[in-house]
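The chains carry the letters A, B, C and D, assigned in the order they are written, with residues numbered from 1 in each.
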Amino acid sequence: MGCEIHEECGVFGIFSNVETSVAVDAYYALYALQHRGQESCGIATAGKSGFRSRCRKGLVSDTFDAEKLRALGAGNCAIGHVLYGALAPEDEGNIQPLIIDHSRGMLSICNNGALSNSATLREELESNGVILHTRSDAELIAALIIREKLRTNSLITAVSETMRRLEGAYTLLIMTADRLIGVRGMQGIRPLCIGKTEQGYCLSSESCALDSIGAEFVRDVAPGEIIIIDEKGMRSVTDNCGKKPSALCIFEYVYFSRPDSSVDGVSVHESRKRAGRFLAYDCPCEADVVIGVPDSGLDAAIGYSEGSGIPYEIGFIKNKYIGRTFIQPTQADREDKVRIKLNPIVEVIKGKRVVLVDDSIVRGTTCARIVKQLRKAGATEVHMRASCPPFLHPCYFGTDVGSEKILIAHDHTLEEMRKIIGVDSLGFQRIERCDEIAAGCPLGLCKGCFTGVYPCAIPKK
Amino acid sequence: MGCEIHEECGVFGIFSNVETSVAVDAYYALYALQHRGQESCGIATAGKSGFRSRCRKGLVSDTFDAEKLRALGAGNCAIGHVLYGALAPEDEGNIQPLIIDHSRGMLSICNNGALSNSATLREELESNGVILHTRSDAELIAALIIREKLRTNSLITAVSETMRRLEGAYTLLIMTADRLIGVRGMQGIRPLCIGKTEQGYCLSSESCALDSIGAEFVRDVAPGEIIIIDEKGMRSVTDNCGKKPSALCIFEYVYFSRPDSSVDGVSVHESRKRAGRFLAYDCPCEADVVIGVPDSGLDAAIGYSEGSGIPYEIGFIKNKYIGRTFIQPTQADREDKVRIKLNPIVEVIKGKRVVLVDDSIVRGTTCARIVKQLRKAGATEVHMRASCPPFLHPCYFGTDVGSEKILIAHDHTLEEMRKIIGVDSLGFQRIERCDEIAAGCPLGLCKGCFTGVYPCAIPKK
Amino acid sequence: MGCEIHEECGVFGIFSNVETSVAVDAYYALYALQHRGQESCGIATAGKSGFRSRCRKGLVSDTFDAEKLRALGAGNCAIGHVLYGALAPEDEGNIQPLIIDHSRGMLSICNNGALSNSATLREELESNGVILHTRSDAELIAALIIREKLRTNSLITAVSETMRRLEGAYTLLIMTADRLIGVRGMQGIRPLCIGKTEQGYCLSSESCALDSIGAEFVRDVAPGEIIIIDEKGMRSVTDNCGKKPSALCIFEYVYFSRPDSSVDGVSVHESRKRAGRFLAYDCPCEADVVIGVPDSGLDAAIGYSEGSGIPYEIGFIKNKYIGRTFIQPTQADREDKVRIKLNPIVEVIKGKRVVLVDDSIVRGTTCARIVKQLRKAGATEVHMRASCPPFLHPCYFGTDVGSEKILIAHDHTLEEMRKIIGVDSLGFQRIERCDEIAAGCPLGLCKGCFTGVYPCAIPKK
Amino acid sequence: MGCEIHEECGVFGIFSNVETSVAVDAYYALYALQHRGQESCGIATAGKSGFRSRCRKGLVSDTFDAEKLRALGAGNCAIGHVLYGALAPEDEGNIQPLIIDHSRGMLSICNNGALSNSATLREELESNGVILHTRSDAELIAALIIREKLRTNSLITAVSETMRRLEGAYTLLIMTADRLIGVRGMQGIRPLCIGKTEQGYCLSSESCALDSIGAEFVRDVAPGEIIIIDEKGMRSVTDNCGKKPSALCIFEYVYFSRPDSSVDGVSVHESRKRAGRFLAYDCPCEADVVIGVPDSGLDAAIGYSEGSGIPYEIGFIKNKYIGRTFIQPTQADREDKVRIKLNPIVEVIKGKRVVLVDDSIVRGTTCARIVKQLRKAGATEVHMRASCPPFLHPCYFGTDVGSEKILIAHDHTLEEMRKIIGVDSLGFQRIERCDEIAAGCPLGLCKGCFTGVYPCAIPKK
């Protein structure tokens, strides 16, 4: 609601020593990861009866039902994917996991992230006669791995060699007939963690998906690490670890991940509460009540309440039935008056000085609309607090912060922003607080969208 | 989540002095009322081009899109309905609004409630040669109105006369070619309120639907009152008012209505917070944190926190993508382990004494499962508090509390229930607090499901 | 293709002494009757588990699949209906069979035909407080039967009494929990025949549906006859027989019925071949080849060939994949050039004098287009022959010949028509031949659309 | 109906000098070619706004509507494809036309046929690091062309070089941003012809598709010929012509093509009538009536009637509504009794000696069932005649004659077959007649399925 930035993807994989309903586990796990990508989803399974998959536009709930899951068969292994998708809607071929049917061995692959050197790699492959059917990095990476494998005859070596050629963000799951392989990009920009099930292991973008299937959290995968899961258990290849500086995307804490997940050892809910507390210290104000923009601002609002001593309240009811097919009101002026998605609880707001906490401010238009509604509901003052610093630069690693032109902070001073949004005071998180928000995380952070300093080379315009 | 009781219906109607997109307003309003009925929905419009309607099984989002709304045409008047539906799934003819095409004038009708003398009325009509096509009270009432109108030649007189024959809960919207009529049952068991739009008026089960279309709240409709809206404005017929004792369903506050609605002058959110505070006074305990079961227990949890001084926290993340097509885990034991719909935030729970607040306890099975998860997440103590008294009797007025057999409180002592649910202490709201929860409401209350004392005759078994 | 007139309906009913898959039989039978109505279809079943039905817009193939048929359950009795439908597309309530759920006994009903006194009957019912939900004669008749039954306490008496009040065309199937009742209208305008199955009997608009389920043809139902089928077998009530002059619609032979059906003792294929032979005698010409417009003109073309000695050939290939969703070419001029639905076989036509036989000519526009294509394919002469007389008057008994304005024969001489259609000679069947076409049929014929003389009173404009 | 062999594909392409609704032309053309493949279909367009496509399982009528065609945009060029599909149903990636997005130029491709050296070519490509996403020859050929083009820098040269590597049946359409290229395989096993439109040219598997869009037939494409159509008009590259012996599939005349098409200069209808006449000469019998199995046996039945002097009649009515979703009767014995798909016209059959003509006999089971129905309808004798010789060998060039095991003629003598089918006499076309059936066709014929002698190397088992 608050944040207008979308994460590109989530991945989940599971390996079981006995053939079982791995597709059902993937289904529940993707439900838990749905917030990371709502454009399309897919599950591929491997078992005695070969590879099967179902990949479609739409939510997990639209794509799978009991019969569709049954059609994926029992198997030893499944990988699943949810995609946000900056891709054209008709381009359904991009939906993952991809299945690569090659005479030297079948494999299925899916990816979370965005390479920053994909154009170079694509050109190289095409000039060697390779035809790429999609614009996805997943297919590009698969083609590189296949070529390396023809040379080296070992899939793991091929994966390891291929990693050295990739720049930017990627978290891969690769499934063969008898193995599940997880790869976290050499800089660890996107997360990946390991869970233990009764009969094997699983890998997930976030730990909340482990909870959803009753798996136990084992540990996070290290940047550059390759995890191999098969009948013999789990092993790790660390040849590529530590070769490049780590740079976990700070937004995994601030917005992308679910509050009940733990990312690289840090509780997301706790990190957001800390962010709220820091805001209370750094941008204090006198007020009667603290409210959060549902759902992404709620954790930080509780933190602000704790830090400031101002009582926390439920300020808005969010309509939980509004989905993808909702028809937007067409006139902009009308949009200001109606309260379909969010409706303030008048009795909480009326006559009060309100602190309004959200995770971030991108364009500022949604904020301005929410603030108008608070004023209409009788708020005497509105103090807006954003739990991350202002966006000043684009992201090249799989989120759609978009061009600098749309970022309100890029062309406006704090005071100008305050006026546009229509609040009595406006406060952003200080850039220095980022490391404290992620306190306990052993990795470096990517804060490129705030600072313009990126952990690796970025594509030329 | 918490409560397993379902409200049967919600209604919305709008009249505009100029032909406009009344169907679009009804669409947004039904979105706001969707929590009152998720089985089916419908919108009927009346305008120069006659009556049109679209009624289907499924959510508002599944039933309508831009094209379908356009097909409903511009009009002066629209009525809409959401239904929970104890009816058989194939019985789509029951979906409302109904359109009655009779030589003495076309009308459309929809209803929220349940009559307690419908069997008698049905028998009388059928023995006079009337064929009823549905099992709905709406059609029954329409047939009675039509017969009265043949006799009296006035629709309003016919409505008024018909009301005197109806026992139980009903809130009717009736639309003719040039009028919108709203009727609140003589005992006011179900709510109805009036809103003012730019070019006319609207009527709604709850005020949150007025907010969703930018209408201003005017007032609640009185029990027994008939509201007539046409080109000349709004007028009221009060002949039936005060003839029977009023009895607003207490569950409109405790569970059915949205927290941002105001019902008969009382904020639902505030009433729930009061319920939480009363619980803190009446059933105190020593604990470290108060959490609510999302979404229905959150308001009362904040009230409990305020009343007790124990800090409020977000204890669970609810998966917001789980809809009607979600496939339930099949094994009961498995269900205890997986955390798909609700996942506790471990860091909030671990090592803490937790107060868990929900609106009510019906069977107790869901509660027991949630409590297990809290224990698994490391809660040292769990103290359960229900913001309404124990259910002991069935409801005959349009909610599906169901037979006494399934009610945990009917056959168990408090201590037995405590053990079944698996908590360290268990507290229910005291029956005496009901009136205080509804403080400010000028109507009497129906508390039949707690007391077995009903405001009118109930059907014989 | 040729004829632009549509039959309104077909009906089928089956009673089995043991519960069996009667819905599946109805499904196959409706497939065989699909040509009688392609707008909507429905099947209702009755058995130990009560009444069930599925009625939808669309073809039988779109409406039912194995699962849907299973959902209709095993039963003793099923009735089914296909509808052409002059009704508005949104009016899905009109789709039959209707199920009437009344305290004095449940029944299901469907009808083939059109009453000519429905307005009078409707007014009478409505002024007695009856609400009719559809515009169908079936519901009207059901309401009359229910009222009679309340008075007489016998369903058969009620049906018999009701028949005396109905004017025009109707063939009813009525199903109760333990009986199947078939009624042929008192003038027998629409057909109905009886079949014997292994475990009971069936009733059908046409005998081809009996073949489709392996039933044996027993006999045609007489005008005014009521057939009652139950556990005890089949019996007949003939009280109403012979009270009015019979008048079978001549178009059942000329166009509506399938060539492999036998209607009132006469083979439809043979009657059409006779019609072709009469044309050869009455409207001879010198030509090289006789071709028919597929599919409705083929039988008569073979008759013309036999009567004239001119060889029969396949002149056109009809595209068998063109269904309801086919997108028509939009420009009229283009339509003349393209040959999507019908394509002449050039080698058959080129350099030949062609006799083109169709069943009838309504507007003449389709004929003109087909003739143009024959000329383009190289026909040196085209002689058009229609196997029925010119349409001069509307039909009031369930076919959509439509207003006189659209009938080419109404405002044009034979020579004018010849020029409009663009043929070298044009010949229609002589009105005197009608009785000979139906030779062997014991009933009188309705030729109202040719003569303007109708077998009963027609509605006033 | 009669023949149980399925053609694999049909192709159509159109180039227009001005951007126009080429997708609509392709739509009508695919309707005309639908009989060549009913499993899936697709249209790709190229124009100023780039390439677009829609490819789906299902018939043309299911896949496209007005909106979907609009979404394909106006363009200069379109290619379309219908597929029978021996491919697994889930393998929707195989549906053509494929779009190849390569840095050296985008192209779209579709194919009719089957290569006999695809395994060798696939192995070669994969060992060079190419990933193939489908099992289709179309993608294989595209990959070969792309590799050749990287080497030669000319698309036409690349196509020409690639052709030399391909063995078996193929007819390709290739579309680039500004050209339409048609390729007929070097042996011409599958047909291709050229049409002239008002603003350009088109290419089609069969001439009936030219008629469907009002295009004029220009000529057939020669085996090995490459046709290039662009703004400058049409030109031909004949470098590969005549390098291998031509071998048109005889079944294009006997069964696959539509009777109103002309293939390699020969009218399909006339060729089938000739086949019928030859049967009358070679396998005469005494009988009263000749009937054909609809639709594939009708033309030959007329030929048999002409050759023998025995009158032709319509023997069966085929239910034209039975489509892909029809539910088959489940019990084999029941199947013999019901007459759902085909119903004999009793009056034509009863007491007659019948000659029954069909195009071919594969398993014989369908024939046997039809013969039983004729006997039941009263035929005193049934004489079966097949207008092609007995199938003895599999087809490797894109039809699914299937393994020898299912072919009735493979393991049975003529007399055995006669008994199995249950006829009084049985006659097949003599193999010597094949060339006469195709009289006028300048190409050699492939009769491999009758003789086991194939025009090129076949795959090893």
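The rule we apply is simple: a residue touches a chain if its C-beta (ideal position, glycine included) is under 8 Å from a C-beta of that chain, and two chains touch if they have at least 3 such contacts.
Note that the structure is predicted; figures quoted are calculated from it, not measured.
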Relative to subunit C, which chain has the most distant C-alpha mean position? A
Per the C-alpha means, the centres of subunit A and subunit B lie apart by a whole-Å value of 36
Go ahead and note the Å separation of the Cα centroids belonging to subunit B and subunit D. 61
Centroid of subunit B to centroid of subunit C, CA atoms only: how many Å? 50
Taking touching chains as linked, do they make an open path (line), a single closed cycle (ring), a hub with spokes (star), an all-linked set (complete), or other? ring
All pairs of touching chains, please: list them by chain label. A-B, A-D, B-C, C-D
Which part of subunit C faces subunit D closely enough to touch in the complex? 24, 27-28, 31-32, 34-35, 59-62, 64-66, 69, 208, 211-214, 258-260, 262, 267, 269-270, 295, 298-299, 302, 306, 311-314, 316-317, 319-323, 325-327, 329, 334, 337-340, 343-348
Show me the residue ranges of subunit C that touch subunit B in the complex, using the header's touch definition. 52, 71, 90, 93, 100-104, 122-123, 126-133, 135, 139, 142-143, 146-147, 150
